[in-house]
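Please find one structure pasted underneath; my questions will follow.
All chains are identified by letter, namely A, B, C and D, in their written order; residue positions are counted from 1 within each chain.
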């Protein structure tokens, strides 16, 4: 039978060579684990000797601890009566006393984000809201849609409107998907499973993050018939871990229909807001993760983003990674993070293993002043439109309105992803908040299609938009130094 | 003899299956009508058992009730002594104590709007001011005129200046018309009739809205000799209703000279400000009309715009609607809401039944990020200038200054419409406010024409403006996917 | 001997048919004059029966009254002891107690304007600061210079720098002139004569306004040897008055070297700020001068600008006005207010009578959204560069920095005018303020020329600037409707 | 033995013909020196009779006084006990009580500047922060980088990243150098030597200013093996002084590897913020240095920048200065301040004596609205790309982020300079602050290179950026008046 400890006894083990923590009423000796913790030793030492459940829970999927500790590290249980009472922080107090407003009273995604900002903890907000450097790209992602004008055709029967389409051969109710965004439980206990529930009635697709706060199995549990998912892969330096995860995904072929390999963040971007958010349970000044050349090797102390990054591989290549993937899964591959027409053109060469690409700058969280997906769409249209007929092109970043979605579709996108919007929906109102987010987007898409005089998603095209103000800003090559063809071939 | 009720007796009938209201001192049983009320049942139930005159009056033309209720629904009259005293709301109180300033002290349309904003109720302001989504188009409608420069010619005798012109063959004193804007009595009891009175001395044209708060007969009553009107048609799903209205209009051939068929809002845009304005006489939180795919069928609870929309047909087409119209009126047709050169080109094919088109994005109230009329003018100049010689091209949206009017005329417009400006003029000072609005516009137009060295409206042309900053942003086709000719023909 | 009145006696004559005023201690009966007062009868009636000297003096040159009244209208003098004591208004009080700062402590024109704004009356400020409508052109006049980049050449001996140039064959010390701006005594008793004194040591040119608050003789009194002037002509409807003025100017050939015929304001622009400034000596609400078609004929009640405009001719033409001028003066003509290349091209045809043109939009005070002079310079460079070799091209509007001046010179201007800057200099510190304004501009011009590596004004040219951001916005004709040549000829 | 004075005795010598000051406890008679003081006599007279050490020390390198005074001017020492106690000003007090925050907590250059702004005196801040006129160029220097987009290539192994490069044949650890910025001790006693220490571990290059507040020998003292320096030359009117300095520099060939001849400020720009900062130790209103044509000869009273300028030669030319330099040093010449492709092309003709050019507008401190270095880079790419292969092209101005650095390198720059950033780093935290500044830049550069998929500095090129929004604004010649070839030859 497990030993029962007093909290006072646990509180004596707080040093780097003798470190205990309490999680879910169980007492663990994590001394040996300190050096291999993805988030760094320091963050554990701050919680040493205490009940760390509140800090640990929302960012670790079940099973994380068991997979990393030896059985003997589990020392016993704590006597709950000896624990101090938890103090709710400001946000929680507010949430309890007032609660979020009726989701139906919120009319657009900005209002939902505003409510979420009040509901979630500051740390959670900083992680979701943050983007790299000066957030130029994050802001541009949205503004670029406002620069594109719509061209409504009139005197057309618009009583019918059908938002359904097919993605990778699967029927979906909306040309929308949830981008793989990490740590949903930071904002709401329903987590990624709550997102799946919130979008189920819309027949929308969800890509599950490697860094989800729930297991892939939990997330898809109870999903609607026909509701489909993709699994996002950040390849780990320890390839075996990635292979094991792929094997788990392969076991759910009726749910997970593809692997989304993330390419746009081989090293973490510099998200200063996130780095500035107070460390877990501590109010001491933080020290930045910016440490010069060896930063990626010493993540300690940084924001949530930096911690999640630990162990991610930076050595992926077209020629080595795709064959390796082929060995471990027969699911189609979606390449996420394409930002130039050259890479779109290269990706097309790898069909049919590669079935789609996602034009993405990681929500402005990787390289600041990287182009918005709209630029890359226009580049492809200009330099290699054959891409659209060989593979599917999806886009994400900056979506706030149904008109934004329709504009991307007019430019050739087959699907449009929302990341922060889903997380803010969850933060604002849990499952209902996610549902409201998609309800708004669907209604806005339909209104837009009707007012354009278009009944079906596949009938949308460039004649319905005027993107001239954007077109003049897209890359037009460097005639003096390269020819596109040569440059692309050199990379094959 | 009619029965006389105590207010207390009426107040007992407030449920969905037993619902009475008092209107103009008459007691009605509206139970059977609840399900077919264009504004939804809920809005009536909120007023059930009470005197609803104050809420009903400014948005329903006389005869509305009689046309929709069976005779036996009229139960009797109320004893006025038993009614509670009405409480004036803030705006009314302000209006009574201070009143609006001398209209002659207001120097421009912005100042008039500012005064109106203080005079009218918040709900009225929200309905007039609101536009779709983020109001990008509403704002662009005006800004685009500021991007166009004038080119004054000098050393020209400018002692004479003549603003008169002809529209559809009728002489008018100004190249201005009042756009068909609904619910004028929301802002002032003089209503649409007051607008007609306010503009009569200028010889300006007025288009009367289907959703006017007065009958078409009332509005033109006492208008000046030669003062002309058009009647705006929102075709109803119940075509018979529209046919009946056309028959009424046909009976006033000396007043109503054309039918303006509205095409730019087959489904309602998303006007969030309007949706947010408090429900009639109630302070409970509103629930949005955004409900997904079936929203148009379940308008309940939304703003004024949503309520007005109930029953409007979304199935109009070039090939079915114009012949149907020809059967029910011999008046010329003006197509309102053209937003592309393709549709302008198509409209031209339907001359002489179609005598004019109105380039309009519904004041930014239909599809946000739709182009301003100036873009469409420039598109027509570029791709199919023959339109100008076959039919008249009118424009509206964003007019704040006489220079804006002159610029539109230089680009080929034959007339320019003002909608909100007329309503705000009415709200600011009734008939006198509308008169002041047009007095200012006329004076500004004259000053502009004189300083350009142009005496007559028909002498204005593109050489008097520099629209280059706008021209580079207009649609330039999608060479890869369509040829204009083909695209247009495919729609014929 | 003149009769002496008590103030109380004068105060009894305040009606439209019996109206007296006191000016410079003399009592006048102005009843007969009321109907012909350029500023309207109302403004006199407000001052009726009182000492109007304070209001009259700063806007009327000496001799104005005598030239307009019959001898018998001079009734006698007032007993000064019976007059009430004058009350200084806020600005005057401030001026007396604090006084302006040391002019040498002011570093740029914005700081001088800021000081002047505090020193002068609100009415004066409104008259100087105001521009038409939304002041788009006034603001653009300045911003357009910021869009032009300089191109400094280095490794060039820049120890010498010579700002002198010649204008119409006369040597001047600076390529700067004072634009003809009215009513200098509104801001400072030194008036236009003070401006002449302030610029005398710089060898700068001054154009004296028709509406100057001092006589042409007074203004040039005591000017430095070689200091030259031009006289601005607003042609009057009563041509005889203009002819008489020309005769006066012709008598000072060593001072007045040319006539600047103003063309850019045949009717007054709409300067709302000016119109809003309180009427002279009254706090009652003003009524606008915007009265529709007959406004120019009924100026009453408007701002200072409207009052000055009374009687100005709007019927000038190339073919009638220039020959008439030739009959009344042999001075060369400078045409002020050219705003298109077409009119520049036309003006060139009238050399040698016309020796120069001034590209001007009247400081943004005539037609709002008229182009800045920089646009017209670029148009001339593009369409008819021969203009530069046939006549001199001067520009004004928006000058705040020496770099602005240099940029205009690089584009082909021979001289650059400052209007408000001179008035604000005068308002800030009288003669010394004007001197400081020109001292700053001269120093900034020299620094700019030295850093460009240019020693002489005539060596400045387009290679020293990059105006590409502006060039793409200039008028590029309307290929479909006109050929430049044809259009120009049609106007000859 | 030196005489010892009471402070009271010294305090009696305060007039222009009898002026003593105390410096480092020594009493000097500076009467004869007053007229030749570069900063003007007035500034010394304000400190006459007092201990001027605090004002003198941070802006004069050791030896300055000795080199300018005759031996007999040294009168003796002061009795320290008779001196008044120094009063710390606000900034110093703040610094002492709070001190700067932990440098590691600062995440970007803006945050470091913000801390420095609080730490240093207002006068120091004004000198560093100020730029010419309206600071258009200073602001544009930075904004232009934000207009350039990056083009990240993905699926590339980015585990390695090497920021080293070679400059003038010397290996450096970073493509960054410290621009020659004057008066480092104004912000921190560690001065220019502190900057050298702060960057030593990064292998970065430092250009030492002629106006450094320490001697060239002091600055390089204790620098790391392989750490290299350049010496900035402002040629003096008294050439002998410059020749003497060159001789000193020639004696340190292992440290000083080149001479950076400054060309972009032959006369001082107009830095108003700097001119407005209170005179040393005085609160009386300042009088501007803007005095008209003779300003450069009478600098007195202006800001720090004006004082430093005294005696600088404005007569440098390609044909006379380079041969003179060749006689006095065999070090390679770097020409600083090239702002046009024409001058870049000319510089190339002087290889191999000239080995590099620095595209610079003097941090926006010389001529306002001069182009940013990015414009000049693009001009060279367009008109004379051969320059890049013949000489090295360095740039400075506006660098705030590692992405800015990478963009300049992609456009062809071999090195990128930071001036204010180094000074603000020093002001924020001394040596540690400078180190942090470079640590941040290096980390940001590496993150950027990794996310672009580029391992080595020399692999960066235009294909990694989209500079189209900037390209359309660069100078495109003046076809009508010049051919580039002719223009360039005319200047050879």
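The rule is short, and it goes like this: a contact is a pair of C-beta atoms (placed from the backbone, for glycine too) under 8 Å apart; a residue touches a chain by one contact, two chains touch by 3 or more.
Remember, it's a predicted structure, so these values are computed and weren't measured experimentally.
For the pair chain A and chain D, the CA-based superposition corresponds to a rotation of 90 degrees in steps of 5. Residue numbering shows that chain A and chain B use the same positions for less than half of their mutual interface.
Per-chain CA centroids place chain B at a distance of 45 Å from chain C. Per-chain CA centroids place chain B at a distance of 63 Å from chain D. Of all residues in chain D, those that touch two or more other chains are 472.
Partner chain D is touched in their complex by these residues of chain C: 101-102, 104-108, 146, 148-159, 161, 163, 381, 385, 401, 403, 439-440, 442-444, 446-448, 450-452, 461-463, 466, 468-469, 472. For chain A in complex with chain D, the residues that touch the partner chain are 133-134, 136, 263-270, 272, 275-276, 285-288, 290-293, 295, 314-318, 321, 335, 337-340, 342-343, 346, 361, 366-371, 375, 472-478, 480-482, 487, 491.
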